[in-house]
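Look at the two complexes coming up: chain A is in both, with chain B in one and chain C in the other.
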Partner chain A sequence: MIVAARRLTKYFQLKGTGIVGGGLSLKAVDDISIDIKEGSIVGVVGESGSGKSTLGRLLMALLQPTSGQVLFDIPDDVLAEYDKYIETNQADKCRKIEEEYSIFRSKGKAMKEMRKQMGMVFQDPYSSLDPRMRVEDIITEPMLATGYLDPEKARKRCLELLDEVGLPRDFAFRYPHELSGGQRQRVALARGISTLPKFLVLDEPTSALDVSVQAQILSLLKKIRSRYNISMLLITHNIAVIAYMADFVNVMYAGKVMESGVKRDVILNPTHPYTIALISAVPGRARMRQRIILQGDPPNLVFPPSGCRFHPRCPVAFELCGWTADEVATDLDYLVQGKYYTTFQGNTQVIPKDALSILIKGTNSIQLSEMIASEREKMRSLMSIANIKDTEEGVLISLSHFVTPKMYNLDNGKKVSCLLYSPEVMATQKGAISGN
Partner chain B sequence: MQQETAEAGRWENLKLSISVFMANKSAVVGLIIVLVYLIDALIMQFDPMLLGIHHPDVLVPNFLNPVPLPPSPQHILGTTYPGIDLLTSILKAIRIDLAYSFFVVAVGASVGAVIGIVSAWASGMFDEVIMRITDIVFSIPYLILALAVGFILGRSLWHMSIALAITWWPLYARYARSQTLSTKEYTFIEAAKAAGVGRTTIMFRHILPNVLPPIFIQISLDLGSIMVIFSTLAFIGFIPSANIPELGYLTSLGLNFVQTAPWALIFPGLFITIFALAVNLLGDGLRDVIDPRRRG
Partner chain C sequence: MSEVLKVKEVKQQFYTRRGIYKALNGIELELRKGEVFGIAGESGSGKSTLGLTIMGLLPRNASVTSGSVLLDGKDVIAPLREYATKSNQKFNFRRNENVIKKMNRELSTIRGNKVAMVFQDPMTSLNPVLQVGYQVAETMLVHQPRTLAMRRLARANAKRSDLNEALKVLRATESDEKALEDFFRNKGLEGLTEQVISIWRRKDLADAKKEKMILSLHSEKLSWFDRFVLNAVKEKGNLPSWLSKTPILSRYTRRVLLKEGYLKALELLSTLEVPNADKVIRMYPHELSGGMRQRIVIAIALANNPELVIMDEPTSALDVTVQAQILELVRHLKVKFNTSFIFISHDLSVLSEVCDRIGIMYGGRIVEIAPTKEIFDNPMHPYTKFLIAAIPTLEEKEIQEIGGAVPDMRFPPSGCMFHPRCPYIMEICRERVPDMIQVSKDHYVACFLYSGDNK
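Now for the complex of A and B:
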């Protein structure tokens, strides 16, 4: 494996202004494991804010992880051993392997050596090139900083690299502001591959460019990959870019990988409800599948949804997916104050009592049960209501417990983080699930 | 051959800078005025006889005819009390004002810039403490500090300049700090890290070249304001010995004759204003030159 990330987690500590915000953290990347094979392009796709760039920067050791490891250029048998040690909790044996392969353990000379083996291309070519440096100085910087070549040879190689990325040689003496967006991104790419790295992270390499230029950059990337056999992590929010470029895909949502597998398998045969929705939104595919429009907003990563992070927006969510009393109470309140106003006359009060129970005053269990029965298909949160009973204070609603999904292995090496594919959950739920 | 192309590139770049500057007509006017002041100051320093001036360091009074005279062929800008020729005095005063203003800005800017850049670069507790100190110094009005320094050390041009430099550096510290912080946020800093460039090298190769040029612009803009403040302090009486050619002091000499001899007030004041204005125009033009994006 060129790169193997294990249980990688990054929580950004929020700077507290006084009491508010103190000790809070934003869970940008949460427990992600990824493998990148020699010579393969691994795509990472997801909405903006889902943690893709953070993941890319972790894999480049530009950020320190909160926990987890990234192992670089590790033989497959050692990696298998490492995975075994993680599973059996043999921390000291893990540490031994980490000492040799972890990108976060390298310092000084070893760090420079590792930097030589990795490159990165950033999303915005307008801010990723120093406006006060000439193209030559930009492209030779990694070669000189890592001691890959001496200055004279580096300058020579810079000219060859300009040929390689399809720019005239006299661009070496220009400044970034004299170049168009596409040309700048070519310069950034030349910088990224200047030390012939084994691994390249491409963070939305075409998102800031005109559509006509995007295709040119992508085919240039393909050419470079086939010539040098560089492994790549391709980050994008555009599923079409993944479809064109990648060998493997990871679909990210709210800091977690929802589905991963071989590209064809994920794109033509999506499994996770989020992937299905994502793919249904790609224009050409709408004919094959009904377009699914996701309701609601991307989640707050400071207080991420419990259980499955996708559950507030999942069209097939069910009772185990992570519903909390607050979420259900909000939805119930919305119904009684809105569509069912005439039934309840606005006398009701919906009060979340604890994590899994809600008290509703000013009505009775029969009225509520009727409403819930007719709405639960559309309003998935109501699925989690396990029990409705009248008490002295009012109607007490208890919710079902929830389960947090893990990565479940399917055929073809596909992995999915959805309870619908959990063998244990499904064994106990036989037939009880609607909407699937 | 490669080297030659690089040289050619640099030369091209200089030509471009000059043409960008020249395109800004008012900046060119500003530059010319500033140059005239500068040349005058140099002449006064090295060979005042070139302009027929015998005593460049002192004002020459004429007690036989102390009342201000209007402009005439003998006294092109007239005279001020007590019988001092205005034109020659102004020519002498420009050197003094320019020198002390330079001193104040140079000391304030270098101290402030170093503190601001280091503070932003170090970040954390150090940054926090340094910035609080800066805030405290910043909140002292220059007039009060000048008064205090004058009271303790005695009133003199040097002490006045020191007081001004002390009140001026926090401005630069803040400016340099904010410039450094915003430069640190650019992706090219992260790209340099990804390229294996070390922290110190990033500072010198990427941060400073982006932070210093705007500070130089600020210096050129401030030169005008400092001269105004400096001469204001002199005007309100911060110069003890009454014989120094200084624009603010010269202006104050005409104060009692404002109704009968307005020129005695207007001319020295005008030379202060013109300099402040010219320096501003010049700074604007330089801003165009240093901003790579405005070169089109």
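Now for the complex of A and C:
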């Protein structure tokens, strides 16, 4: 394994939240494990704010994680051993392996050595190149800084690299402002591969470019991969780019990996409801009919939703997904005040009582359960209502407890973080089917 | 079908320190009523410049050397063209700027009123220090204060019986909006029509609630002074000078009208499916997500029922799932508002979802125009073919790269702009500019491959 991340977590501390509200943190990346094999392109796709760039920076050791490890160039058998130690909670043995392979442990000279093995291409070719350096200086800088080559040889190699990325050699003496966006991204790519790294992170390499230039850059990337056998992590919001480039795909949402697996399995046969919606949202005439339009926006990661982070927008969420009293109360209030106004005459009050119960004043349980029964399918939050009973104060609604999903292994080697595919739910579904 | 916009042979150029940048080189375009027209092309092909030229939003180094943009029967860019063709002397920035300033004053009655524009980045096109409701209300206040005054007066003058009858009309004619309009006009309560309709159209409410809301739109209290002011605005059509020039009075009038504008904003936002619209109108742009902000910008554009809305890359800054929401919205708006849209995007697949017709731009010219289906099923211009082949799709297919780059428009290639990159290049392509040829109904292409003997 060229890169193996284990339980990687990054919380950004928020400043200026006051004395009382202090200690808030933005949970950008939460408990992510990822494997990158030699010579493969692993795609990470997600909406903005899903933590995909943070993940890329963590794998480059540009950020220190809150917890978790990134192991670099680790033999498969050692990794298997390490996984076993994590499972059995043998911290001292883990530490021994980490000391040798972790990218966060190495410092000074060892770190420089490590940096030689890693390269990065950033999203915006307009701000990632120093405007005061010539192209030659830009490309040779990593080679000199890591001591990969001496200046004389580095300059020679720079010219070869320019050939490699399809730029004329006289570009070496130009400044970035003289180049177009596509040419700049080629320079950034030449810089990224200048030390012949084993691992390259591409953070949205084409999203600032035109479609025609994007096509050029993508085929250049493919060429470079096949020539040098570099492993790549391709971060992008454009699932079509992933479909064209990657071997493996990780779908991220709100700091968590929702689904991961071989590209063909994930894209042609998506399993997680979010992946299904994401793929159906890609514009194009062919997909217009079966489009699933997600309601709402991605969540605020300072206060991420409980349970599964996708549940408030999920079209197939059910009772275990993590509904809280506040969410259910908002939806109930919306129904009572809007669509079912005729039944309730607008004099009901919905009050969330504690985390899992709601009090509704001014109505009775029969009317409510009728409404809930007919709206359950459309308003998924109502699925979580376990019990409705009349009390002196009003109707008391209690919700069922929720489960936080883990990564579940599917038969075809895919991993999905959705409760629908958890062993427990699968077992009950099978039971229900055989029972019938 | 009648035409909303007619662009004829527009040539436009920018004077820069390093030469003359020929942005538009003879654009021909006709826009029909109620149609969504898509413009696609790489960056640098002049698609945004075309949008800005139609709006007359040009900087001082822009000059229009020929052509006309007929909008609402008015030639928008006439003053600029007159200046450029009349003056034999060298191009003078300051004089041109004066012409543009004068033009801006004239056009301010059209902009935001008859034509509106939605820009790419919703983060920068809203004012961060004003509530979003205010920003919607302001466009109404500037262009149609009369409508606002009439809305408020109608609510004060209406009696409960009028609204009861209106509901009867709606039910009897099965929500016929024309009938309702006539009914209110006869009663002298024109301002109520859109208020009633916008409530009636909402889908998230029960009928009983809608009826209650409609019935509450009567005999609203209005002080005699407010009534006096609003009546004055209603009669004059806009703010009379004795109102707008007197210091305290003008401010007072604006406030009365803005208050009504907030209500109109609320109506618009609920039409645009903004959840909790009543709270959103009192929020500031930074409190909203990107998709929500873009909805606000669209609301501002639609506030005055314009005939034409130009959307310049409205979804490029948004995520795919939010983009899908906005595209769905535009499809509905097309039906609801009966407005024509020009939808500019670099992404052909986005255009394929909302547009009726698509024009492909290259080097400041439209090289192919066809209905959406036709563009994808039967692309004719080599550039169109390339554009379609260069987009990566979910279906596994090799993407094709176009060699070369968009030409430097300071030194445009001779003849057909695309010839340096074209694989089917012929001798004639270098020498002459191809004309638009009609290949089938509504399908036009500017390429020598399809003219004369080669056809």
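Heads up, the rule we're going with is that the second predicted complex is superposed on the first by the 414 of 436 C-alpha atoms of A that agree within 3 Å, B and C clash if a C-alpha of one lies under 4 Å from a C-alpha of the other, contacts with A are read in each partner's own complex, and residues count from 1 in each chain.
The working rule: a residue touches a chain if its C-beta (ideal position, glycine included) is under 8 Å from a C-beta of that chain, and two chains touch if they have at least 3 such contacts.
From a predicted model like this one, the values you see are computed outputs, not experimental measurements.
Colleague: Sharing chain A, do chain B and chain C clash or fit in the superposition?
Modeller: In the arrangement built by aligning on chain A, the partners chain C and chain B fit side by side.
Colleague: Who wins on chain A residues touched, chain B or chain C?
Modeller: Looking at chain A, the partner in contact with more of its residues is C.
Colleague: Give one of first, second, both or neither to describe whether A:Phe318 is in contact with chain B, with chain C, with both, or with none.
Modeller: neither
Colleague: So, A:Gly182: does it touch chain B (first), chain C (second), both, or neither?
Modeller: second
Colleague: Where does A:Met111 make contact in the superposed view: on chain B (first), on chain C (second), on both, or on neither?
Modeller: In the superposition, A:Met111 contacts chain B only.
Colleague: By the touch definition at the top of the document, which applies to A:Phe248: first (chain B), second (chain C), both, or neither?
Modeller: Touch status of A:Phe248: no partner.
Colleague: Tell me the contact category for A:Tyr408 with respect to chain B and chain C: first, second, both or neither.
Modeller: So A:Tyr408 meets neither chain B nor chain C here.
Colleague: On the A-aligned overlay, A:Tyr101 touches which partner chain: chain B = first, chain C = second, or both, or neither?
Modeller: neither
Colleague: Which partner chains sit in contact with A:Val213 here, chain B, chain C, both or neither? Use first/second/both/neither.
Modeller: So A:Val213 only meets chain C here.
Colleague: Touch check for A:Ala145: first (chain B), second (chain C), both, or neither?
Modeller: In the superposition, A:Ala145 touches chain B alone.
Colleague: Quick check: superposed on A, how many Å separate the nearest Cα atoms of chain B and chain C?
Modeller: Once the two complexes are overlaid, chain B and chain C approach no closer than 8 Å between C-alpha atoms.
Colleague: Residue by residue on chain A, keep only those touching chain B in one complex and chain C in the other, then list them.
Modeller: Overlap of chain B and chain C footprints on chain A: empty.
Colleague: Name, in rising order, each residue of chain A that touches chain C in their complex.
Modeller: Contacts found on chain A: 47-48, 180, 182, 210-216, 218-219, 237-241, 243-244, 267-268, 277-285, 288, 291, 293-294, 296-298, 334, 337-342, 346.
Colleague: For chain C, which residues count as touching chain A in their complex?
Modeller: Per the stated touch rule, the residues are 42-43, 204-209, 212, 275, 289, 291-292, 319-325, 327-328, 346-350, 352-353, 372-373, 376, 386-387, 390-396, 399-402, 405-406.
Colleague: For the complex, which residues does chain B have touching chain A?
Modeller: The touching residues are 2, 5-6, 8-9, 12-13, 186-188, 190-198, 201, 205-206, 209-210, 292-293, 295.
Colleague: State the interface residues of chain A toward chain B in the complex, per the touch definition above.
Modeller: 57, 60, 62, 111-112, 115-116, 118-120, 122-124, 127-134, 136, 141-142, 145-146, 155, 170, 172-177, 188, 191
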